[in-house]
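If you scroll down you'll find the structure; I have some questions about it.
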Amino acid sequence: MSHEEKERYMDQITVKAETLIEALPYIRDFNNKIVVVKYGGSAMTDKRLEESVIKDVALLKLVGMQPIIVHGGGKDINKWVDRLGMETRFESGFRVTDKDTMEIAEMVLNHVNKYLVQRMEHLGVKAIGISGKDGGMLHVKKKMPGGKDIGYVGDIVRVDTEILETLLLNDFIPVIAPTGMDEKGETYNINADDAACAIAGAVQADKLAFLTDVEGVCMNPKDPTSVISVLNLIEANELIDSGVISGGMLPKVNNCIRAVNGGVNRVHILDGRREHCLLLEFFTKKGVGTAIIGQDSAPYSNEK
Amino acid sequence: MSHEEKERYMDQITVKAETLIEALPYIRDFNNKIVVVKYGGSAMTDKRLEESVIKDVALLKLVGMQPIIVHGGGKDINKWVDRLGMETRFESGFRVTDKDTMEIAEMVLNHVNKYLVQRMEHLGVKAIGISGKDGGMLHVKKKMPGGKDIGYVGDIVRVDTEILETLLLNDFIPVIAPTGMDEKGETYNINADDAACAIAGAVQADKLAFLTDVEGVCMNPKDPTSVISVLNLIEANELIDSGVISGGMLPKVNNCIRAVNGGVNRVHILDGRREHCLLLEFFTKKGVGTAIIGQDSAPYSNEK
Amino acid sequence: MSHEEKERYMDQITVKAETLIEALPYIRDFNNKIVVVKYGGSAMTDKRLEESVIKDVALLKLVGMQPIIVHGGGKDINKWVDRLGMETRFESGFRVTDKDTMEIAEMVLNHVNKYLVQRMEHLGVKAIGISGKDGGMLHVKKKMPGGKDIGYVGDIVRVDTEILETLLLNDFIPVIAPTGMDEKGETYNINADDAACAIAGAVQADKLAFLTDVEGVCMNPKDPTSVISVLNLIEANELIDSGVISGGMLPKVNNCIRAVNGGVNRVHILDGRREHCLLLEFFTKKGVGTAIIGQDSAPYSNEK
Amino acid sequence: MSHEEKERYMDQITVKAETLIEALPYIRDFNNKIVVVKYGGSAMTDKRLEESVIKDVALLKLVGMQPIIVHGGGKDINKWVDRLGMETRFESGFRVTDKDTMEIAEMVLNHVNKYLVQRMEHLGVKAIGISGKDGGMLHVKKKMPGGKDIGYVGDIVRVDTEILETLLLNDFIPVIAPTGMDEKGETYNINADDAACAIAGAVQADKLAFLTDVEGVCMNPKDPTSVISVLNLIEANELIDSGVISGGMLPKVNNCIRAVNGGVNRVHILDGRREHCLLLEFFTKKGVGTAIIGQDSAPYSNEK
Amino acid sequence: MSHEEKERYMDQITVKAETLIEALPYIRDFNNKIVVVKYGGSAMTDKRLEESVIKDVALLKLVGMQPIIVHGGGKDINKWVDRLGMETRFESGFRVTDKDTMEIAEMVLNHVNKYLVQRMEHLGVKAIGISGKDGGMLHVKKKMPGGKDIGYVGDIVRVDTEILETLLLNDFIPVIAPTGMDEKGETYNINADDAACAIAGAVQADKLAFLTDVEGVCMNPKDPTSVISVLNLIEANELIDSGVISGGMLPKVNNCIRAVNGGVNRVHILDGRREHCLLLEFFTKKGVGTAIIGQDSAPYSNEK
Amino acid sequence: MSHEEKERYMDQITVKAETLIEALPYIRDFNNKIVVVKYGGSAMTDKRLEESVIKDVALLKLVGMQPIIVHGGGKDINKWVDRLGMETRFESGFRVTDKDTMEIAEMVLNHVNKYLVQRMEHLGVKAIGISGKDGGMLHVKKKMPGGKDIGYVGDIVRVDTEILETLLLNDFIPVIAPTGMDEKGETYNINADDAACAIAGAVQADKLAFLTDVEGVCMNPKDPTSVISVLNLIEANELIDSGVISGGMLPKVNNCIRAVNGGVNRVHILDGRREHCLLLEFFTKKGVGTAIIGQDSAPYSNEK
C-alpha cells in the first residue's frame, strides 16, 4: 500500500466510522416507525433507479422500519387509452374519467402494482399489492372541481387502516394502487400524492417521502446546491409568501404541509434521480433533500 | 288462521326446528375451519347467483368459518384478446400463452379479482384481493405438456401460506387470482382448479368446494335425482373404473381425489346454479351435491 | 321421485335455506352470550319435554352460548312434607317455612338439582349443580311480607357471581337450586323466578327465558294464535294498564319488566309445552313466545 | 416481669422462633400443593373440633395450599332411614342399598355437603359443594362383593378432574359428597375413604390426610405415645406382616398404601380429636400422627 | 414419657399451634411484599448474629417476601484510612471526605458488599451486590451542612428503582453499598440509614427494619421490658415532645417517621443482638421491637 | 462549492451510501446478539480511547446488540500492593496470590469495575457492575499449575448465567470483574481473558472481542497491513503449525480457538488503539482486525 493509498484508506475508514456513528442513533430511533414512500417520476422509469429504490426499501425494512409504497400509473394509462383507440373527453378544461377510462386506469394501476410486487418479491422482500378498494381501505366521494362532474375521480373521505396494520404487523410491505370506492360501491381513481398523504396521516407515519425529479427546496431555484435540509412549517410558509417556493414546487410543498398538519412527523421531498436517496436522507445528518417538519423545531437548522 | 294454514305453519315450524337441530352441530364443528371455494361457471355470470354465493360466503364467515375464494377469468380474457386484435397461436394443438397474452390475462384476472372484492366489500364483507405473486404465495415452474413450450402457463411447485394465514387470522377473506412466479421472477398463468386444490392442501382446509354447472356425481348421469351425497376414495375409484364417472365429470373428480390425498378433509362438487348451495351442502345432513372424503369412512353412506 | 315429492322436497330445501339464513346471524350475535333458563312447569314433569329442553340447552352451549339453569322444587317438596307427616302452619294467611320444612325443602331442591345434573351429564353436557349457598352466591335477608315472620323465606340482597363466572369460563353449565344464606349463615328458601331474575341481572345475561305453561302474551287471551312476538317496556306497561295483561300473566310480565330494568337484554316467556321452544324462539325471526325488551326499540315490531 | 415470668417468656420466644424456622420451609414447599382431607369421625360430630378443622383448612388455603374436602354421611343416613320407616335388607350378609335407600343416602350426603359449605362460607372461606356426579367427576361401576348384587354401591373406575382443577384454579375449596354415576347414568353410593384415595391419586395430591379417632400407627398399640411419625411402604408392609398393624388400623393403612402407590406423595393418619392436627402435622418436623411415604426414603426416620 | 415431660410436650405443642395460627396470616399478607433491612451494629460484627440475620433473610425470601439489604462500612473505613496513613481533616467541626478518603471508603464499602454477597451465596441465597452508582440508582447532590463544603458526602435527590425491580422480579436479593453519583458523574458517600430510608420509600416497601443495638423504643428508657410494640406517628411525636424519646433514639425515630411519611407501611427498630429478631418481629403479634406506623391506626395498640 | 469540493462531497456521499448498504444487513443480523468485549490494554489507559470504546458499546446497545464487558485490573493491583508495602512471594517461578494480595486484588478490581460503571452511566448507558461472586456466577477451583499451590488463583469450572440473562433481558450492560468462589465460599482471582472466554461460551455469545495492542493476526508479522480479516479454525491451526502465528499472538489465538470451540460464533482480535474499532469491525465487510470463525466457512475469505 502506497502512502497515498493508505491515506485514502484512512480517510475512508474515518468517513465510515463517522457514517456509522451518525447512522446508528437514527436506526434505533426509526425502529418500528412507519415510512410512506410515494413512488413515481424518474425512479419509476429508469431500471437502475428502480432497483436502487427497491433495495433501499428492503434495507429500511431490514433495520426495522415499516415501509408502505404508494405508486401512480405513470405514463402507462395514456399508452393503453391510445392503444384501445379511446377518446379523451374534456369538461370545462378538466379531463373526464368516464367508466371505460376508469376501467383501463384501474387495469393499468393493478398491472403496475403487481409488477412492483413481483420486483420486490424477486429481491426477497415480502410485498403485498393492494388497491384502496381492498379491505375497504380508501373511502372516496366524487371530486367536483368547480362543481363540474369530471367522472370517476375521487377525494378520500376516510382511510380504514385495518388491512395496513395487519400487513405491517406481519412484516409485509404494502404496495398500494390509488383507487377507492364510494358508498355506492363504485370505483374511483385517486391522485397518488393525495393517497400517500392521506395514508401517511391515517397510519400516523413517522415519515412520508416523495420521490421527485428535483433536488429538494432550494433557496435559489437555479442553484441545486442551495437545497435547504430542513424546513419547519413557519419557514415553509414564509418561503411561499416570499415567492422562493413557487411554480411546480408549490403544490409539492403544500402537500407536505398538509401531511405534517395531518400528524406525519417529517415529510421529505427527495431527488429520486439520486441513487439510494432514501438511505442518505434518513440516516445522515444533512440528508440529500428537504425535510418539512412541525413548527416547534428551531428555524433553518440544517441538521435532521 | 285456517286449519290448513295452521297445519302448514306447524309443518314449517317442525322443519325449522329440525333444520336447526341438524345445523347447530355442524356450525360448532366447522368453527375456525378453512373452506376454499373455487368460484366459476354460472355462479359467476348470473348476477342473482353471484349475489347468493357472496351472501353464503358472508354467512360462513359470520358463523366462524374461514372462507378463501379462488376464481378464474371466465370469458373475459378471450374478450380482451379479441378487442386488442391479438392473434392466438397454437403449438402441437396446445394454445400458446405468449408474453402479450399473459399480460392481458393478468390484467383481466386482476380486474375480476378487484370486482369480486368490490362486491364483497359493498355487502360489508372484509375482502382482500391478491394474486399468487403477492407475498410470493404461488411458486410455479413452466408447464411443458409433452415436452412442448406453450408459454407462460405454470404448474404450482410450492405454496407459501404466510399471507393467507395473516389475512385469515385478521378476519379478511382472501380472494385469489391464479397467477404465480417462477424462480426467475417471471409471471405465469395457472389453471384455477389447480390453484384451488394446491391452496386448499397447503392451508389444510377442512373443505374445498367447486361451484360447477352440474348437480354432482350421479349414479345415473341422465337422472339428476341420482346424485350421490358422499363418496369415499375407494368408492370414487370404483365408479371411475366402472365408467359411471366419465366425460367432463372425470377430471373434476380426479381433482377432488387429489385434494383429499393432499390433506383436505372433504371436497364438494356443488351445483352452482342452485341458490345457497354452499349453506345447504355444509349445514344439512343430505346436502345438495357430492362430497368426496377419505377412504376411512363407511361406503355409500349418504349422511354428511 | 314423483312430481309432488319433488315439489315438497324443493319446498323443504327452501325452508331449510331460509331457516339457515335466518339463524346464522343470530348464532354469531349470541356467541358467548349468557342465557338464563328458568326451568319449571310441564317441561319439568313430562319426560319428552324434559328431554327436548336438555337437548336445546346442549345445542345452545354447542354453538357458543352460555346457558345457566335455575330450577324450582316442583311438587316434590309438598310430597315429602306429607310423607314425613309434617304439619303446615300458616301465619296471617302466609304459609310458614319453619326450620324443619326448610331442611326438607333444601333436601328436595338438592335432589332435583342433582337429578338434572345427572340427566345432562348422561347426554354428554358438562353440568355442575350448586345452590345459592355455594361460593356465597346468593346473599339473602328474611322476607317479611306485611311485617310478618313467615320463617326461612328469603329475599336476595346481593349476588356474588364469582362461581358462575368460573363455571361459565370453563364451559360448565351451572344448574342452580334457589337457596341462600343470610349474614348469620342461616339457610333460606328463595322463589325460583326471583332467583332467575336476580342471577340474570347480576351476570348481565343477554337473555332470560321462563319456561311456562302458556303460549306467551296474547292480544286476545282466548286466542292462542294472537301471541305477541316482541313487546318493549312501554308497550308492556300499556297492555297492563289496559287490562290485556292480567291474571296469572301479570306477575310473570312484571318479573320480565324487572329483569329488563336490571340489565337483561331480552326476557322471553316461552311455552314449555312446545318441543324445542328455546331453539325456535332464539334462532327464528318470529319466534314462538313473547320477548320483552327495553323501550328503545320500535313498538309492536314482530321481528326479533 | 418476675424472673420466672421472664424465663418462661424467653422459652416461649425460643419455641416460637424454632417453630417459625421449622415451619417456613414447609410453607414454601407446600405452596400450590394439593391436600385432600377425608373428613369424618369425632372431628365431624364435635362442634369445637369441627371449628378447628375448618380453621386449619382456611389457614392451609391462606398460605397457598389447595385443600379438597371429602366427607361421608356419618350417622345421619341411618337416622333418616329409621325416621322414614324403611327396612334394611341383607344379601348374604351384605347390607343392600336399594333405590329408595340410595335416594335417602344421596339426600343426606348432599345435606351434609351443603352444611359444610355453609360453615366454611360463614367463616369467609370460598367453598363449593359438589357430588361425584357433577361434571361427571366420579365414574363408577356396581360393586359386586363375591358376585353378590348389593344394590347401588359403586367402585370408582375413573375420575374426571376437570371440575376440581377449575375450582382449585379459581381458589374455591371443593367439598365433595361421595356419589357417582355408572355408564347408564344411574347414581351410586361410594365409600368416602375410597373416594378420597381415588381423588387424591387423580389430582396427584401432595398429601392425603385421614381425620380418624386414633393417634396414628403405634409400635405398641396400647401405648399412644409410641406413635410412629413416618413410615415408608416397606416398613408399613413389614409392620403388617409382623402383626403390629392389625385390627381396625389394617384397612386404614392399606388405604394409605394404595394412595401412595397411586401417586400421592404423603398420606397422613391423623388424630382428628386433637385440635389443629392438620397444622401441627404439616408444619412441624415431628408432626402429630403417622405419615406413610414411598419406599425411597430412609427407614424409620422420624423427621417429616 | 413422664407426666411432666408430657405436660411440657403438650405445652410446646400448644405454643407451636398458636405460633402457626399467629404466623400464617402474616405470611400470606406479606407475600411479595418488599422489606428493606438496614444491616449494621452488633449484627454485623458478631459472626453468630450475622449468621442468624442471613438465615432470617433467607427464610423471608423463602416464604415469598422480597428482602433488600442496605449496609454501611462499619469500622473498616477508619481501619483502612489509618493503615494507609491518611490524615483526617475537619471543617468547622465536620469531618471532611476528600477525594482520597472517598476512594478508600468506596473500596471498603464494595469489599463489605461482596463479603455479604459471598456469605449469602454460600448459604444458597441468590444475592447481587451493587452500589448506588450501578444502573444510576442513587442520584445525589453534595451535602452542605451549614453551607460548609465537607467533601464527597451526598444527599439523595432521586432513586432510580429500575435495577432493584429487575433484581427482585428475578428473585435476587439486592445487597446495596451506599454510594451514589451527582450529575457530573462524581462519586459520593451516603449515610446508610438515609440510603435505606430513601430506597424503602422509592420501592414503596411494606417494611423497613433497622437492626440496632437497643431493644426498641421504651416507655422507661431504663427498663428494657417497657418496649412499645407499635407506635403510630401521632404517638411517636407525642413521645418526642414529652422527652420520652430522646438522646440516641431521637434520630433513629425521626428516620422512621420520615420513612412512614415517604410511603413505607411499617418501620421497625429491632434489637439486632437478639437472634432471629426479624422472624419474631414480623410473624408474631407482639413482636420483639418497636414498629412505627401511620397515624390512621389505633393509639398504643400493642398488636402488630 | 468548487468543482473539487463537489467531487469530494460526491465521493463522501458515495462512501456514506456504501457504508450504510454494507452496515444495515449486519445491524439486522446482530439484533439481540450477545457480544462479549474483553476490555484491557491501551484502550483502558488512554482516556480518548476509553471514551471511544464506551461510545461504541453504547452504540452497539443502541442498535439492539447485547454487550457484556469483562475487564481486568490493569496495572492498579501492583500499584496498590506497592503502596501498602506488601511483599510478593514466588513459588517455583509462579507469583503467589496470598489472602492479603487477594483482598487487595479484589478491592482494585471492584474499584475499576465501579469506575467503568460510573463512566458508562455518565454517558447515559445503563450499566451494572458485578463480580463473578454475585449471583454465584463464576464457580472456580484452585488453579494448581504443575501441582503447585500458588494461592487464590482460580480456574472456572461452571458459569451460572442467570444474573447475566436477567441483566441483558432488562437492557442493562453487565460490567464484570473476574473474581469467583469455590465450593467452600472462598474468593479467587481469575485471568480476565479466561473469564471472557468462559462467559462468552456460557451465554452462547455471537461475538467475543479482545481489545489488544496489536493490529490483528498478520501474514507477515512485520507488516501491519498484512492483517488477515477472517481465519477459520483450520487456517488458524495451519498458521500456528507453520509458525506464522507465534510469540505473544499465540496464546491470544489459542484463546480464540477455545472460544469458537465453546460455541462462540466469531472471536475478534481487535486493535484497541484504533478509535471505534468495534464499530468498524462489526459493521464493515473488511473490518479492522482478525476474526476467528468455525471451520465450516470458506478458507481465507476476507469478507466478514
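Before moving on, here are some points about what is shown:
In this document, chain identifiers A, B, C, D, E and F correspond to the written order of the chains, with residue numbering beginning at 1 in each.
Going forward, contacts are C-beta pairs under 8 Å (C-beta built on N, C-alpha and C of every residue); 3 or more make two chains touch, one makes a residue touch a chain.
Note that this is a predicted model, so its numbers are computed, not measured.
Hopping across touching chains, the smallest step count from subunit C to subunit F is 3. Under the contact definition, subunit C and subunit E share the contacting chains D. For E-F, the equivalent interface among the listed pairs B-C, A-B or D-E is A-B, as over half of the contact pairs agree by residue number. Of all residue numbers seen at the subunit D-subunit E contact, over half occur in both copies; the interface is built from largely matching residues. In the Cα superposition of subunit B onto subunit D, the rotation angle, rounded to steps of 5, is 120 degrees. Farthest chain from subunit A (centres taken as the mean of C-alpha atoms): D. Per-chain CA centroids place subunit C at a distance of 39 Å from subunit D. With centres defined as mean CA coordinates, subunit F is found 45 Å away from subunit A.
Subunit A and subunit C have CA centres that are 62 Å apart. Those residues of subunit D in touch with two or more other chains do not exist in this structure.
With chains as nodes and touching pairs as edges, the resulting graph is a single ring in which every chain has exactly two contacts. From subunit D, proceeding by way of subunit E and on round the ring, the chains are encountered as D, E, F, A, B, C. Put simply, subunit B touches subunit C in their complex at residues 1, 6, 12-13, 15-17, 19-21, 23-25, 27-28, 31, 55, 59, 62-64, 225, 275-276, 279-280, 283-284, 288.
Residue ranges on subunit B touching subunit A, taken from their complex, read 83-84, 103, 106-108, 110-111, 114, 117-119, 121-122, 126-131, 133-136, 162-163, 166-167, 170, 172, 179, 181, 184-185, 187.
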